[in-house]
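Each of the two complexes below includes subunit A, the first together with subunit B, the second together with subunit C.
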Partner chain A sequence: MARRYDSRTTIFSPEGRLYQVEYAMEAISHAGAALGVLSTEGIILAAEKKTLSKLLEPSISSEKMYMIDDHIGCAVAGITADANILINYARQSAQRYLYTYQEPIPVEYLVQQVCDLKQGYTQYGGLRPFGVSFLYAGWDEQYGYQLYQSDPSGNYGGWKASAIGQNHQSAQSILRSEWKAEFKVYDALKLAIKVMSKTMDSTTLNAEKLDISLLTRDAKSGRVAFVEVNAKLLADAFKEVQDALEQEKEKENK
Partner chain B sequence: MSILEYNGGAVVAMVGKDCVGIASDLRFGIQAQTISGTQPKIYKIHDKCLIGLAGLATDNQTVFEKIRFRTNIYRLKEEREIRPKTLSNVLSMMLYEKRFGPYFVEPVIMGLDGPDEKPFISAMDLIGAPLLAEDFVLAGSSASEALYGVCESLYRPNLEADELFEVLGQCILSAVDRDAISGWGGVVHIMTKEGITSRYLKGRQD
Partner chain C sequence: FVRQQYSFTRKKSNHKQTMSDNLIGIVGQDYVILAADSAQARSIVLMKEDEDKIKVIDDHKAMAMSGPSGDRENFGEFIEKNIVLYELRQGGSLSTKAAAYYTRGELATALRSSPYQVNILFGGFDQHGPSLYFIDYLAAIQKLPFGCQGYAGYFLLSVLDRHYKENMTLEEGLQVLQICIDQLKTRFVLNTKDWVIKIITKDGIRLHQGSNSNE
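What follows is the complex of A and B.
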């Protein structure tokens, strides 16, 4: 019965649903997981890399993490080709704002720009929506550190911690119970690793499958940067999480 | 009165031994009136590339802002900094696009180009005709004649970084003293593989 309304994105179903948008979200729920955790000193974005093959040429850039501007980075879940288009649009948008106002673009404004574009594809043109959800991490002078999530419908929300992609419901529930407002970057990092390990496919967690980046502002220089987490910090956090998880398992077995 | 001489100003760039330097005056004025003596005309694109813009001040600002837009996008897409030679071509294209309503700017680009970090300088006219030189390039309508003279006399190839600073400093200061609408001190940036050293010069404050 619903099939009659699938072919046009710009048409509501009798129950008041937009099927194409929902199918897009379904596509994303099969994609590699990504999550973001806000802390008092920065934002951690973690993503699961799905395309791992020995034949694949190693590339500097990630298929999951992108920098939009110096002060905004994002993680992607969904169709990578669609994501590239939106990332390009976001980058242009940020530069246009900088050109007009001589100031870095406020994080929420950038999110709105991308979401307005996504929304257009659910109402005009008869083109399918973008099959991508984003987690944006950014800092601006007005509101400090912010984490936003957007989806194919063009909706967005500000979050303290959020997950998208595969198993995002279970990831979200663990985040909800364990996130604390006093978190510093290291705590956020450990939480991210712990949640990823519980929601990823493989039973063993290895650092190669994970892409973890940090958006943070250096207090002295005032410069914001979106960078891959320092390897040593990552290794330490990994070890602590693995030890904690093993302890938990032993307790359960007893 | 030519529109390129409305604000005055002078910029010169020179090649040394494994180093490049760029210098400009500091005056910002509107015809005969001086508004500020602390306005350099040199902008940093990245650690290995500086651009100096002489000409109409408002167009200098706009052209720099457009360049910043382009180079920011370039950095995000290509995941590396733009080479000075490439930037020179981009700027040339940008200026020619406005062939029949141009930006009244005279750009000077300098940097260390490519993986070998070869010293690179270039200049162009307001509609993008590029000039690639091996020794020195300069810009600034009113001060240019004096600058050409003093640079031709003082320049010699393979100057070390300290010598390059002396030569550039003397060139810019004596040339702008011959020009009523340039001066109020100067700034010299010397770029080597290790980094950029910037020094402000105190000149005749008239």
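What follows is the complex of A and C.
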């Protein structure tokens, strides 16, 4: 069947497909979910923390959220080890640009650099593709707030809201129907929590299972930062979303 | 990026700078004026009097360069093509600062292997307005309101200190430039009667005076 054309990444199947790339995407669809929501004042990235065990030592670094440069952060879905390589590359790329041009790298340009690397692994070398999808959140002077998604094929797109990883199709459809252009950060945060709670495995959702970060620019100082969402804000948003969801349930039951 | 490498080294004596190319740059309210004398000389012979030493890089950036014409033209084109390549790839325009720092970086990289003997006044207009960068052949860079390269500096920096004001109109800026050019005619022993003058504004770059072979 398709088996003959599986093993080499560097060849097409008779139907014109790259099976290794598709299999990589399949691997990602089993990984912890992540989503991003653009708003007028910042970008929310939310991710499901899959590896939860009492024995796990709480570490400073996250397996889902990474800062690439001051003005760009990203969420990861897929094989963490693969992601580390690409994150390292992205960070170097950003610093190289800063060194040459004395200015922060434009967000889309950084995305292109990573995607060009990913594409290389689908065309030559005989190595398997990276089993990672990214959601990049960044701000630059030219285009303001931007959200990009990239996949193992090396394709990327700009999005207003997007989801990757487990259940990303259902997450995406909820985002499509509920995202609004007038959203401020808090609205984006509530939408992110709502979508996560609807598409995640567990019946009960709490803040421990989620990793939520915000990419935003302080209007006064002009500084851009990628930070974990303030705990109080998160708790408030959580409560509002849970209340709203309960109300919905009651309406349905009636 | 494209980067060429020399496989032979130049004579040590080439470190001695020729300073006879004169460049002047002035930043005003909403423009940058770049002026370069158009004499091309070898020793005592004036080979050409209408040489355009101001390389136009894109719609809103140009650099006036001084030094031996081989290095000047080679480096100028190298920078221009790489900046255009970047802008095609990126889909947007480089800011003046980024382009100037990129240029300086290339000079710095080449400095300890096969240096370019080029001094530059890099002018541009972007979303932050007009700006001018002084870059010398040792890859020092400085953002300035006005600047000179070559012997001109010895005469004109004090003149510009005296006459330059912030936010001058184009008319005022051109008057100040004329004072500078006249001063060189009066006091500088070498002939600098012909100049190429280009003006960079938000509407682009136009030739104000002189011949133009460097579009």
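What we mean here is this: the second predicted complex is superposed on the first by the 254 of 254 C-alpha atoms of A that agree within 3 Å, B and C clash if a C-alpha of one lies under 4 Å from a C-alpha of the other, contacts with A are read in each partner's own complex, and residues count from 1 in each chain.
Definition applied: a contact is a pair of C-beta atoms (placed from the backbone, for glycine too) under 8 Å apart; a residue touches a chain by one contact, two chains touch by 3 or more.
Bear in mind the structure is a predicted one, so any value in this text is a computation, not a measurement.
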| item | value |
| --- | --- |
| Which of subunit B and subunit C A:221 touches, first, second, both or neither | neither |
| Which superposed partner A:67 touches (first subunit B, second subunit C, both, neither) | first |
| Touched partner set for A:51, first subunit B, second subunit C, both or neither | neither |
| Touched partner set for A:95, first subunit B, second subunit C, both or neither | first |
| Touched partner set for A:106, first subunit B, second subunit C, both or neither | second |
| Partner chain in contact with A:142 - subunit B first, subunit C second, else both or neither | second |
| Intersection of the subunit A residues that touch subunit B with those that touch subunit C | 99, 102 |
| Residues of subunit A defined as touching subunit B within the complex | 60-61, 67-69, 88, 91-92, 95-96, 98-99, 102 |
| Residues on subunit C engaged by subunit A in the complex (per definition of touch) | 89-92, 94-95, 97-99, 101-102, 105, 127 |
| In the complex with subunit A, residue positions of subunit B that touch it | 65-66, 68-69, 72-73, 76-77, 79 |
| Complex contacts: residues of subunit A adjacent to subunit C | 99-103, 106, 108-109, 112, 141-142 |
